[in-house]
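Submitted below is the structure of interest, expressed as structure tokens.
Every chain is named by a letter (A, B, C, D and E) in the order it is written, and numbering of its residues begins at 1.
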Amino acid sequence: MRSDRTGRSGRSPLMLKLAAGAGLLFLHLPILIIFVYAFTTEEKSYQWPPPDLTVKWFAIAWERPDVRDALWLSVRTAATATAVALVLGTLCAAAVSRTRFFGREAISLLVILPIALPGIITGIALRSAFSLAEIPFSFWTIVLGHATFCVVIVYNNAVARFRRTSGSLIEASMDLGANGFQTFAHVILPNIGTALLAGGMLAFALSFDEVIVTTFTAGQQATLPIWMLEELVRPRQRPVTNVVAMLVVAVTFLPILAAYYLTRDGDQVQGQGK
Amino acid sequence: MSAAAEAIRPPRDGTLGRLSDFLWRRPGLFLLLMLTPPLLWLGIIYVGSLFALLLQSFFSIDEFSGLIRHEFTLKTYAELLRPSNFDIIVRTVSMAAVVTLAAGVIALPIAYYAARYARGRWKAAFYLAVMLPLWSSYLVKVYAWKLILAKEGILNWLFAKLHLTWALEALLAIPVIGGNSLSVSYIGTFLVFVYVWLPFMILPMQAALERVPGNLIEASADLGAGTGQTFRHVVFPLALPGIIAGSIFTFSLTLGDYIIPQIVGSSRLFIGQAVYAHQGTAGNIPLAAAFTVVPIVIMGFYLWVAKRQGAFDAL
Amino acid sequence: MTAAVLFQNVSRHFGRIRAVDGVDLEVAAGEFFAMLGPSGSGKTTCLRLIAGFEQPDTGHIEIFGETAEGIPPYRRNVNTVFQDYALFPHLSVLDNVAYGLRMRGIDKAARRREAAEALALVKLPDYGGRRPAQLSGGQRQRVALARAIVNKPRVLLLDEPLGALDLKLREQMQEELKALQQALGITFVFVTHDQGEALSMADRVAVFNEGRIVQVGAPAEIYRRPRTRFVADFVGSSNVLPPEFTERHGGGRRWSSLRPEAIVIATAAPEGSGPGSLAATVLATYYHGATTRIVAEAEMTRLNVLVPASAGLLRPGDRVWLTWQPDDLHAMEDHA
Amino acid sequence: AEMMSKLGSGEGQVDIVAWPGYIERGETDKAFDWVTAFEQKTGCKVNVKSANTSDEMVALMNEGGFDLVTASGDASLRLIAGKRVQPVNTALIPSWSTVDERLQNAPWHTVDGTHYGTPYQWGPNVLMYSTEAFKEAPKSWKVVFEEMTLDDGKSNAGRVQAYDGPIHVADAANFLMHHKPELGIKSPYELNEDQYKAALDLLREQRKLVSRYWHDAFIQIDDFKNEGVVASGSWPFQVNLLKGEGQKIDSTIPVEGATGWADTTMMHADAAHPNCAYMWMEHSLSPKVQGDLAAWFGSVPAVPAACKGNELLGDEGCKTNGFEDFARIKFWQTPVSKCESQGQCVPYYRWVSDYIGVIGGR
Amino acid sequence: MTAAVLFQNVSRHFGRIRAVDGVDLEVAAGEFFAMLGPSGSGKTTCLRLIAGFEQPDTGHIEIFGETAEGIPPYRRNVNTVFQDYALFPHLSVLDNVAYGLRMRGIDKAARRREAAEALALVKLPDYGGRRPAQLSGGQRQRVALARAIVNKPRVLLLDEPLGALDLKLREQMQEELKALQQALGITFVFVTHDQGEALSMADRVAVFNEGRIVQVGAPAEIYRRPRTRFVADFVGSSNVLPPEFTERHGGGRRWSSLRPEAIVIATAAPEGSGPGSLAATVLATYYHGATTRIVAEAEMTRLNVLVPASAGLLRPGDRVWLTWQPDDLHAMEDHA
């Protein structure tokens, strides 16, 4: 019996269901609290339960230039880091999955390293390299840090898709008279496109929320998470922070959803490598 | 359709056509071209930076001015192994281990349910239910926990409402891991760590459980194994690589985090904080660098084990 | 004697797909029973109903006289050899074979001994220490078999166990399976879509189509006396002939089947050309080694004729005469 | 770097490392803004990076990228020794002459007669306490060093805090100076091995009472509000903010006296915006800024003229904030081995590592 | 006439694996050439050498007289039908078929027209708009075929194109492929490990073993006159008999092959029992429908005998006599 459709008995044990439900609840209640606090009328401390609810913080958040600056910097950083990661990750994945060569294993290790090692190490290593090389902090130093750990996200997605895409497609294309570049444009790209899109979106979301590496590579620039870190400590219009947090959740939610649907038929979304 | 055409076509004109022929004849060169950009980035810039950092751990710092003395010395490593620093290492590694274990235990039912029982819409819902917390702002989540755990916070409020304050107090009375309130105790730090890294455990675990072929589970039932036996003898061993992959994240993230223990904790430093403090606050880059060697060595070992278990494919 | 497996009007539908649809079935104890049918005809689902991986929507199932509905697979004394073997990759061959015994709480020494015996039975005595990945396809198949029979099931279910093997190995395994069944006396229910396999191995064959059993009987009966066009078509490459043809050649106004090997081909007209004799033109010949298949046309009808390969060579366009025993033109149930 | 001899026009910005609350642009309270006007007048945009400890300030200055730092006494000499800051030409700062005479030649910014900055503010590290837990102001620092039952009937264990910076060792030494004269401590910043050990022992005892050390002024504010903290060494800044929110909080300087800080605006050796930096130093000495800041932070102005006629500070403000306590305050300075009072002292780097040990439970 | 494909002492090794090892080969233009051999014998590698996916380590390859080494696949006027079809999943069936024309810069209208014609040729005229995923296995196979032939290649390579199809479909596609090859006149090089397929379809067959060609010849020659035990064993289920047996029965001291269908079985001893006659015991019988295979033992040797199914039923243990024409005991090259 060949049984992909099976091995999944119809009903789940009650205990399992309860444990899974409790786990999910544990994951979600704190987030709800963030949302509730985005509406509280009390701005200095976090009083529970909130004395009253209001939506004024949304307008106030939008008015604040520092929020907008930080948001814009984060968007630019995430977009650039994602673009770099897409190029590097795809090249790496293509090389690793299309050919066997000496050091292939080392490369997959190398790609994994920036997320397998704690972010603080990536951060401090880059920072001390910048200072040794006398590179001043700039937009590009942030991108450098972010792209480093975003590569693996794209790489994982692309490798999974390459693995799923039969190698004979490329041979078939060449067999039918397409040279290397034509094959790339007409066969490879269309086939790995959605995986790249998914990987790119996850990389974007990851970069958008990164704080640890950024702390070390941003100098005095404030990305949105850095801004939040400052803001969460200062008791000034704290609900604004929660409004921004809520916004970030809403903004990252869509790419994640899209990534899921893009890669659903087949490989898992490789989002775990945050 | 007659077969009149030539058997071998002439080379295509144009740069691309010629370049394609050229690269086709030199697959090694082509591979090199593909690998150069990522290798430059990861191999030279990233790994180069790591080495530069490690190098700094062999320098020392002038105690009065805080300036680095660029002379080779092992003094910094001697310092690293001082009892107070050694405590930090032990504390962090224990926390990482406990957090990983707990995350594994909590993640398992969720991952197992999502992998084996959730279907269609439910499956998507489960996936999003894990992804949403994963991608919500890390900082805001940590802060939410500070509010939950504070002495005047939500959890105390809830326990008071439920007349369970005594239970909380009993918990906090436990030596070492307890404390004045959850937000200044190891229990609190632990809870937040588990919370924040949990999705990192669930996703690879779920992927691994999904990869356990359904037919093996049927075969096991066919051979007389009940649900529990099947889980123990078939599902778990086969999903282990994925679980190890997930644990790489929880373990490594705990090893390096400096924000959580600072916001929820008892001022006893963790490695991340020590690195952060020595690098930033104290300007002692050599000691900070020496501290980073600890997670690097630990994760190196971890990756080696993971590799042997085939966990890389599950990352 | 109680039947090994009894289906009474069993149905199992998946949404609108009637995977198994009102099946009555009786497998006798100790029988080698084959289920034959095209892809999607419900064979696997039937097997899964016996194993307990599926529950019937309606109808009743008994295994050796005991009601099977609601009993989980691990409480049925029935074992399965899966098409893809489903060996546990993380266990050694010996541990794979011992798995069922271990689940029943047999102690280590005893189960190792029994597993080793089972491995010897399938002629893999020295392979216990290997991992499944280190075995060839045929060896894996035998391990799967050993893993099932070591539990001494009352019914052994085999779902296309030879499907993944190549021809040579397959023929060899057919012989071994048959021998094993005779030696153990266990009831075998064997699923295949290869009619040759079903005919050569089974005591009785059930032919499935679209979730129903179309015909049950001994191999020769199925082959020689197909009840419907479907069976004639599916079991061997018979000539299925239209009612007019049957009528012209002495049968009733029914569809009939005429086995290719029952036709005798001659280059000269036979003596008295009565019913069962026909002038035809050769369209093509296919050399198969032991036999040659000749496609000929007569009365606007294409007929396949199987002749020994040594018979004189014919070429397309040759004029030939076909004759057969009136008895071989078997009229089926299908009317015009 | 050479001392500047002439001022040019502004470079458009100035980057300052400052203590939290030191440079306000009216974001927390509109009344407290001494940046906007400066920016409008000079065209120098002010960027502030706040630092929570002196070590952090030194590290930031070592890293570079800043023009000015509001360094306390325990950081300033380190910055000078490390050649991170440059001499300032007081001739380029017209208001120099208005600076409190007690500060003009203070040793923490004057080396061999050369000035390395302009005094900014000074003040004590006060004992902040909850008026709910204490019926009256605590008389002694004992309440944060020794276990006791407070006026509300509950133990102080878990309800007191201490500063998360090695300089806190000096607070312990200061306490011992009063309670254990036999140790012979002359200055809390100059401790021999025995004195040092005694201070650490005291701190180890304190560790049992402290749930969490405070590192960030704002987090301390939170802890007083949400974590049930009732007493801690603190800055007047936190006291002011909490009081401003209507919390039941007050502060005092107990009998042992207090450590304190005297801060100097110092200029980075490689300052990228020296002209704006000089303009800021001049601006920082104006009575208005000095008075407003003193009111805001609870500190004492470096310019006595600020004590008069400042709306926010009020006429009693300087006195309240300790203008006359100058002599009682033991200002932060960096402990060095070659100390004045007893020849051989425990240097600062050991304070750093040992204090981490103490907090870690060693 | 120049050969369509010419190999001169071609080798391709992968590390220590000699995938193709000193092969000489000549495929004539317009020929239907089959490569037959067990798994891993180098058939696919040979095909890939012709297509240009592999380069020979040593030796020389010509395609219609032109040197092929160093020419990338996209410059060879050779097309391949891949075993797994390798249809582009992101393109419609029509675009799949038109792909080769598009790469050659044929304008849209022309390539659509030609692609539609090719689809008509493989009997899928109305399927142009579908995606490959919406086709059945047999349909995909035809699309792959159309995609290759639309380019009018001078050589068409087919790597087990029918391997994934089930029996019925496979037989049907065999006929269609053969007809198409005759209609187009293109040289076909066809890889298979199914000897029936190779024998029935090819003009000539090359039998591969371990990277080498063991025998090349017309199907009947390969079947009747296998050069080695390996060929006899692999092509059809021949009885391979040891030198002593051959000697006793009138051949030299060599291994010989005796086709099962060449043996006549009788229940009574024949008249004069000289060479080519043997008393034997029936061990087992396998009913195959058209034929029955009888396994008999004589002189300590197991012999397979193929008889028409209608022949009188034998049972294990029956005493029988086997006879054959002396000519049918074919002595091979293998010595004792």
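The rule we apply is simple: contacts are C-beta pairs under 8 Å (C-beta built on N, C-alpha and C of every residue); 3 or more make two chains touch, one makes a residue touch a chain.
Quick caveat, the model's predicted, so the values are computed rather than measured.
**Q** What's the chain with its C-alpha centre farthest out from chain E?
**A** Max centre-to-centre separation from chain E belongs to D.
**Q** Using the touch rule stated at the top, which two chains are linked by the largest number of C-beta contacts?
**A** Greatest count of contact pairs is found between chains A-B.
**Q** Between chain A and chain D, what's the gap in Å when you average each chain's C-alpha atoms?
**A** Using C-alpha averages as centres, the distance is 41 Å.
**Q** Between chain D and chain E, what is the separation of their C-alpha centroids in Å?
**A** Each chain's C-alpha centroid was found; their separation is 91 Å.
**Q** Give, as an integer number of Å, the spacing between the C-alpha centres of chain E and chain B.
**A** 54
**Q** If you look at chain D, which of its residues touch at least two other chains?
**A** 63, 225-226
**Q** Going by the touch rule set out above, which residues of chain B reach two or more other chains?
**A** 9, 12, 20-21, 24, 147, 153, 213, 215-216, 218, 279
**Q** If I count partner chains per residue in chain E, which residues reach a count of at least 2?
**A** Answer for chain E, listing residues that touch two or more other chains: 72, 74-75, 78.
**Q** Can you check the complex and tell me which residues of chain C touch chain E?
**A** Going through chain C, the ones touching chain E are 38-39, 166-168, 171, 174-175, 178, 193-196, 199-201, 219-220, 223, 234-237, 259-262, 284, 286-291, 293, 306, 308-310.
**Q** Across the complex, what residues on chain B touch chain C?
**A** 213, 215-216, 218-226, 229, 233-234, 237-238
**Q** Which residues of chain B touch chain E in their complex?
**A** Going by the criterion above, the answer is residues 1-12, 20-21, 24-25.
**Q** Please give the residue numbers of chain C that touch chain B in the complex, ascending.
**A** Residues 51-53, 72-75, 78-80, 82, 84, 86-90, 99-100, 102-104, 147-148, 151.
**Q** Which chain A residues qualify as touching chain E in the complex?
**A** Listed in rising order, the residues are 166, 168-169, 171-179, 182, 186-187, 190-191.
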